[in-house]
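Please see the structure below; I have some questions.
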């Protein structure tokens, strides 16, 4: 099931997220079409990671609503939506003492996916599925790619990637960017949080600028900066 | 993606990980040994009535060993935030809980299996009552500690001073189970006292709290 | 409630004074234990009040779990705090009574032991509330309260049975009660309930005010940086 039913992948309405006195999100609203690659930009503390986590269903907003692929994320149907989501964060979300295949085989069980899908996922990020080395001994770049493979495992409609290019060498980064563009061409929706937007400049459909917990601008090009 | 398949996969993953980091297992085994020896020095094994206190001694020793094991139940999931990978998947919460609880049960049982022969040797223990009854008591008692222990270890993830929060939350609630385990064991060892009641109490405790844990674990897992 | 406070305070003051007089002076002296027995009029009503407050905590926790509203949470918090105080009174008056009468500081009688275990459970409840770093502390606390409530019958039966196997002096006296003493006992209980109500309602209002302040500060930080 790769194609989402409606045309909106994500609809956010007045999202507010407070951690005690600190407000990470101060009212985020917007509609995000399916099948597009969105790059989210902003300084540290702008709320980018928080927004991604709320879309992924890992965090509940203090106020406001969000619906992902037609499913409101505060109901019991959240798990159905999550079956179609792939999430990648700055920590690797992998077990250091297992090999790449072992990691993905475990996660495949959680999604109810056939085990041969693991090979495909690892191969798609240009890693060796038969590598016996545990993930903890990978280089940073390899770990990022394996983390991406895990996010791709369930062939999700919606991909949420938080800093996928950090600590990755230029060559691997542009390979990854190419892969992301391919995924978008397969009608998947991607949200990429990054401090290196230039890597995706030619592939991104829209740049979403965030400042202090709000979306301040949405532009088609990187040149137009936040006011 | 059935409930059982996820439980089995998670349990298998945990056992594999535990096996790969043998340091932790060896340290735990050594710790259990130490506990038995220390207790033997502290509570005179040659005393006439050692049979009377042995039940209590053994279970307190098991409790300490269990706490150390329980404290690191979720440590593996906290590293690299890998628990988020589970939470973002469509897998329900309870298979995770059961897998962790069963894993803890197996691990603590191994520790108990190591400590028991030592206790028997040091305290010259011999059951005057039906010795085979010690097995169901051990199973029920260990599960009582482990089911709530796993649950409160998950709650402790969201607190400061994690290592002390777990015993602070677990011990008061475990008092009836502890009375059950100790008195049942003493009844078997001394051949006196009413065994039936204490076993019934343990069964009641296990049923009540296993149900409560399964009903409320999802709430705890999703709390930020 | 604000206007009710002085009236309630006066009523409580009157009741406590009357109860004090009755307990220490007017009530008949107990045959075997003498005047020391008068502490009974503090020991037993404190226990009943504490148990009632813990029952309120349980109900409030269940309501919170269902409705997730702030009011239930505050009721749960307040009843736990005041319950622990009354519990402490029981645990102190018990030994004070036991020592001159039986020469021992503690006896594992049913009421005292049950009170001790409840005290431990609710102190751990308050510790959880203090040490929690979660933004959903009320939820975790409510879960713990429910576990505590489920434990109570198990504690009761285990101690009761243990006592039948190993009898010991019962603080609080078994056997029938002189009707004049029963009357004083009840009076003291009413006075204690009045005091509990006074303290709880004050604490409740204090907590409500504190949360309003926190809420205001949160809203302020939310509006910060808005253009």
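As written, the chain order gives the labels A, B and C, with residue 1 at the start of each chain.
Please note the rule applied: a residue touches a chain if its C-beta (ideal position, glycine included) is under 8 Å from a C-beta of that chain, and two chains touch if they have at least 3 such contacts.
Quick caveat, the model's predicted, so the values are computed rather than measured.
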item	value
Chain contact topology (line, ring, star, complete or other)	complete
Chain pair showing more contacts of the two, A-B and A-C	A-B
Between chain C and chain B, distance of the C-alpha-averaged centres to the nearest whole Å	32
Centroid distance [mean C-alpha coordinates] between chain B and chain A, Å	39
Rounded Å distance between chain A and chain C, as computed from the means of their C-alpha atoms	50
Residues of chain C touching at least two other chains	135
Residues of chain A whose C-beta touches two or more other chains	none
Multi-chain contact residues (two or more partners), chain B	224
Interface residues, chain B side, partner chain A - complex	1, 5-6, 9-10, 13, 16-17, 20-21, 76, 79-82, 84-92, 222, 224
Chain C contact footprint on chain A (complex, rising order)	16, 18-23, 26-27, 212, 214
Of chain B, residues touching chain C in the complex	148, 155, 158-161, 165, 168-169, 171-173, 175-177, 179-180, 183, 193-194, 197-198, 201, 204-205, 208-209, 212, 216, 219-220, 223-224
Chain C residues within the chain A interface of the complex	135, 214, 217-218, 221-226
Complex contact set, residues of chain C against chain B	65, 117, 120-121, 123-124, 127-128, 131-136, 139-140, 143-144, 146-148, 150-151, 154-155, 157-159, 161-162, 165
